[in-house]
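Scrolling down, you'll hit the structures one after another.
After this come two complexes, each holding chain A, first together with chain B and then together with chain C.
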Partner chain A sequence: MRKQALSGILGVLAAFAIGALVLALQGFNPVATYGALLQYSLFSGSGFTATVTRAVPLILTGLSASIAFASGPVNLGQPGQLVMGALGATLVGLFVHLPSAFLVPLCILASLLGGALWSGLAALLKRAFAMDEFIVTLMLNFIADYFALWVITYPLFDPSASTPMTRPISTAAWLPDLGSVNTSVLFMVLAAVVCWLIMSRGRSGYEWRMTGQNSLFARIGGCKVNANYVRVMLVTGALAGLAGGLMIMGGPHRFVKGLGANYAWDGIMIAVVASNGISGTFLYGLLFSALQQGAIGMELVTAVPSEFIDVLQAVIVLVVVAGRVSLNMVFDRLATRRKLKESAG
Partner chain B sequence: MNVLFGLVSAMVVGATPILLAAIGGTFTFYAGIFNIAMEGMMLVGAFCAVLGSFFLHSWFLGILCAVAGALIMAGIFVLFAVRLHTDEFLTGIALNLFAVGLTTFLLRDIFHVKGAFTDAGIRAIPAVKLPLIDGIPFLGRLLSGYNAIVYVALLVTVLSAFVIFRTRFGLRLRGAGYNAACLSSSGVPASTIRIWSLIVCAVCCGLAGAYLSLGYVRLFAENMSAGRGWISLTAVILVSGNPWGIAIISLLFGFFDGLTVFLQGSRIPTQFTAMIPYVATLVSLYLYSVRKRRQA
Partner chain C sequence: MARDVLIDLQHITKVFPPDTVALSDVSVSFESGEIHALVGENGAGKSTLMKVFYGLERRDAGDIFFKGAKVEFRTPREAISAGIGMVHQEILLIPEYTVWQNIVLGAEPVRAFGTIDAHKAREAVRQRIEEFQFNLDPDALVGDISVAARQKVEILKLLYRNVSVLVLDEPTAVLTPQEIPQLFAELARLRDKGHTIIFISHRLDEVLTLSDRVTVMRHGKIVGTSAASGLTKEDLARQMVGREVLFTSRRQPQEPGEIVFRARELNCNDTEHRARLRDATVEVRAGEIVGVAGVEGNGQFELVNAIMGLASMTSGTLDVMGKDITHADILTRRTLIAFVPQDRGKMGASVAASILEDAIMTHHVLDPRFRTWRGLGLDYRHAAEFVDQIREQFTVSMGHSSDPFRSLSGGNQQKVILGRELLLETPFVLMDQPTRGLDVGSIEYVHQLLLNLRSRKRAVLLVSADLDELFMVADRIVVMCQGEVVVDLATDATSREEVGYYMLGGKEAAHAETGS
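Right after this comes the complex of A and B.
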């Protein structure tokens, strides 16, 4: 754990240094750029709350990818599952008329189901026909995208809009702002805590992790590997779906064209840097959210294109992941040397 | 008759980028690398092709730039996955993200546009009329007049089949995947062979990228590889790397891709026709698993 934190911090700093080099080569001032980035994401009231709200889909899709990767299934379908979850919440929000106390939970449930349906489809294809989930979930992403685009272009199209989008969902399903932070943050934190409890305190989490590390060992130890596979796919799909539902209910309150496109691979990226840990996913989710939020202010102040952040994120992933492996080798070497000395002495 | 010609040409046009990337992928497949970075290499290739073609006023230099860009990606892959022993899958994911980020950033930084860059100054790769065949009435129209890269792709396929199965390098390549320790102990470092396989893969993906942005269309759009790298990876897995099998699968995907374009005027909503290549991938995966089960 300490090793992880150390390699993470070193990696992020190294990535920032590489980013500074790129900026300097392009003739920008790195200090001013990073200053603006932090100013607009963390050190201003409105920036900070926006960062936290933006972190909701990032952390949820990140948790989805983390739990999947840690338990074995290579679920790369968070983008598609997010879209289907958002679609589920939108459908309920549009056509069901209930007081808020019932409609909000119902919408959340619909988003969970929407995501789980999409990942469940992949799980079914794997279990019934041995089709690799990693390609299936990827292809389902594209299919979900086009399907959602069709839904908002034809059956649910808002005639008063110029681009494809649905009508706004019933106001009873809107998640209110708590001060300046949207309540969707609470749902995200709750989901993260539940994930942490399942993975590090629960029996099923232990089984899943063992299966992820060595499925033969888990099977011989008595875990129902196949049933667990389906469960993990459903849970991770539901998490990504929840991200989509909360985006609708807390944000634009309608399904807009291109929803989730910006978050497409972020969840997977966060899981990869966090090496599939729950707390790591939470922290990196906040970091990436801060970067993305600060990017807008950075562009305003320093004229550095906000797309610079996309490069910086990918550099962080590469450097942190490679750095972890290299640092582990260094740690192992040090440990061996110490042991050798002890046995010699 | 015109429908047939239209469909055949749409099929060839759609198949070419997938074929090229998949042939690249087959080299790394035989070398025992789980390479998922084709998508990123193709995207960077497509961007660099436009960059070169626009600023150097030559489609040929554009192609060279595309290859160079993809080679830089391969260099990063080598640095992390082969030298620093980072997980190949994670390196591939990070590289693909890096490619998307880098190309959108540079699109903004160099061309000052968001979304897509198109300009009359971009030189497209010309179509080639085959000297003899072009004169033959039916065959000429069927086989001649495609983009130069299409013929390059065909040549690459034949060459790769020869190289992989008939040369010393091919034997070593397959050895690196089959039993790396055995290969290394016989005096040929497996890591060297792997680096070469990545270089070949990058050249192919660079060509595929150049075809996307200078042949298929004449512009660069954000994320324009649109999953083709993943589809080509599927093609490689489905036929366990055999170049001839890849050619057939690519033509099949090309057919469905062509069908997408073809059905655009029909009453089926474009959102559904656009799904066809991805659904076709799923169906081919299904057929593959059924066949495998029968053999077992």
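Right after this comes the complex of A and C.
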């Protein structure tokens, strides 16, 4: 755990150094660029709140991927599950009229169910026809995308808009701002805590992890691996769905064309960088969110294009993932040398 | 007998990261034209020493001399070109290629323009086969020939490259008892032609039969080198383990109790609808160990899977303590059956997990003390205490319970699995090859555990490929052949020969003739 934190920190620092080199070679001032990046993501009030809000879908889809990958199912359907979750929340927000105290939880529930429905479909196909969730969840992403596009272009189209989008959802379903931070952040943190409890302290999490590592061992040990598979798919789908729901309820308050965009794919990338750890996913989610948020400000005040952040993210992924292995080798070599000295002395 | 020293290893030290000392100041020399056995328990450092010599592992200190000159092989290729070849435990050949193609691969004779001179290559291989009397067809596909023959191909591959020193890492591990004498005759012939053979093994009988000199290793150190002619099996075992080892049964006479486990007329097919179990019937009583013998692949695996609920049966019934478990799910079976599978890494544990995570499997659902938060949570504090209990009761030598399972030695991994299963305190215990791949000390420990279970009135079904083991601990031996339980013999009233006869397909009628 401590080793992983160290290799993560070193990896990120090394990635920033490589990024600085790239900037310098292009004739930009790395110090000014990174300064602007930090200024607009962390060290200004509005920048910070925007970073934290942006982190909501990143972390939730990241947790979804982390839990799935650690437990065995290769659920790559976060983009589609996010869309379906958003659609669920939108439907409830448009057509159910209740006071806020009831409508908000109902919308949240609808988003969880929307995501779980989509991943559950993949789980069903796996259980009934042995179709690999790896390919099914990927394909379902396209279906979710075009289905949502159809919904917002025809049945729920807002006639006053020029591009496909729904009417705004009932204001009772809007998530209020708490000071300057949107309450969607609270739901995300709550979800992350629950995920951590399930995986690190829960009986299910133990069984899921063991199944992910060696399903035959888990099965002969008495774990219900088939039921667990379905549960993992439902939970991870629900997490991605929640990301979509919170985006609607906290953000534009309506389903707009292109909602979600790349958040879910970034979430999968974050899970990989965090090697499927819950706390790692949370921290890397914040980091990537800060980079993406800071990129906008960086482009404003320096001449560096925001695409530089894509480069930086890619470098971080490569350096951290590769560094984890090589740093372990360095640790091993140090321990070896210590042992040699001991046995010589 | 004064031979020249051919290979001299001086003060070799090797540490496996992070802190496992595999070899500690090891010095040993091999003479030209001898068969030199390197023996020791698993993890004693035999293979590591040879891998260091062969350029497969880096060493942290020490020097290597070959033919009097200091050498440094950085890769096996360099070692081979110096005349040293090693045959590994796993056979690495291309099944779709013929014997001669496999042998010349990487050193093919070529014509102008780099095309392979197939005729010349095949002829060269044929000559080698004849010269060493290896009894191989150079045109056979490697995928079609037996494991023993594949091993010969591996050896020929090196001889084709003109090595004069052969290092064999546990060559008999993959062979059946009938195939071993032939290999030994071939190795002796090679020695007589002037080759030097270094032979890694932990089977003591073989070592004494084959080798001229024996070097014993223990815990990464050399215990000593001596001529094989003056040694006994007990001497070697004592040197290897560091104390006396008993090779005879300590089974006390004991009346078995009630029938605990009953499998009746089990039938089971494989995916191609071939019968793998035919009306297999086995009973085990309390306080009794029943051994299942048989040539591998005669239904033992299917029997175990049927008992555990991993394979579906076409007919038959299973019950434990009078409870019908024929159609029970695995968890229900686990309340009655402790199970030690044959493959630790596949079924026995997750090697990527921590010791703690592997140790609490099954207990985490069956034992209410592991539950917190109304069954939703897992009590990791209790789990840590449980690991301590296993560590103490089963003398596991291990670091912290959060260390990875793979950091344990094979023997200690098996102890953790045994501890986990036996602490389930079930009336019936099923063990599938529980000593496979373990060292002498650990095997002795497992046998003692089995006998303890017996005296505590547990019913034990022990599947084993090792007849010595069955004769040492089992009360009865049932023999499986082609999916059938062909005979049920009382251990004290039978012999290895009789069991072997049934294993190879002998029938009851002949049994009456030979008499027992």
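Throughout what follows, the second predicted complex is superposed on the first by the 330 of 345 C-alpha atoms of A that agree within 3 Å, B and C clash if a C-alpha of one lies under 4 Å from a C-alpha of the other, contacts with A are read in each partner's own complex, and residues count from 1 in each chain.
Following the convention adopted for this analysis, a contact is a pair of C-beta atoms (placed from the backbone, for glycine too) under 8 Å apart; a residue touches a chain by one contact, two chains touch by 3 or more.
If you're wondering where the values come from, they're calculated on a predicted model, not measured in any experiment.
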{"item": "Which of chain B and chain C A:333 touches, first, second, both or neither", "value": "second"}
{"item": "Chain B versus chain C as contact partner of A:3, first or second or both or neither", "value": "neither"}
{"item": "Touching partner for A:136 - first (chain B), second (chain C), both, neither", "value": "first"}
{"item": "Chain C versus chain B, contacts on chain A by residue", "value": "B"}
{"item": "Touched partner set for A:213, first chain B, second chain C, both or neither", "value": "second"}
{"item": "Contacts of A:221 with chain B and chain C, given as first, second, both or neither", "value": "second"}
{"item": "Which superposed partner A:97 touches (first chain B, second chain C, both, neither)", "value": "neither"}
{"item": "Complex contact set, residues of chain C against chain A", "value": "13, 15-19, 21, 24, 60-61, 308, 310, 329-331, 334, 339, 341, 345-353, 357, 360-362, 364-366, 370-372, 375-378, 380"}
{"item": "Of chain A, residues touching chain B in the complex", "value": "26, 74, 125, 129-132, 135-136, 138-140, 142-143, 146-147, 149-150, 153-154, 265, 268-269, 272, 305, 307-315, 317-318, 321-322, 325-326"}
{"item": "Complex contact set, residues of chain A against chain C", "value": "197, 201-207, 209-210, 213-214, 216-224, 329, 331-333, 335-336, 338-340, 343"}
{"item": "Residues of chain B defined as touching chain A within the complex", "value": "76, 80, 84-87, 89-91, 93-98, 100-102, 104-105, 107-109, 226-227, 230, 233-234, 237, 269, 271-272, 274-275, 278-279, 281-282, 285-286, 289-290, 292-293"}
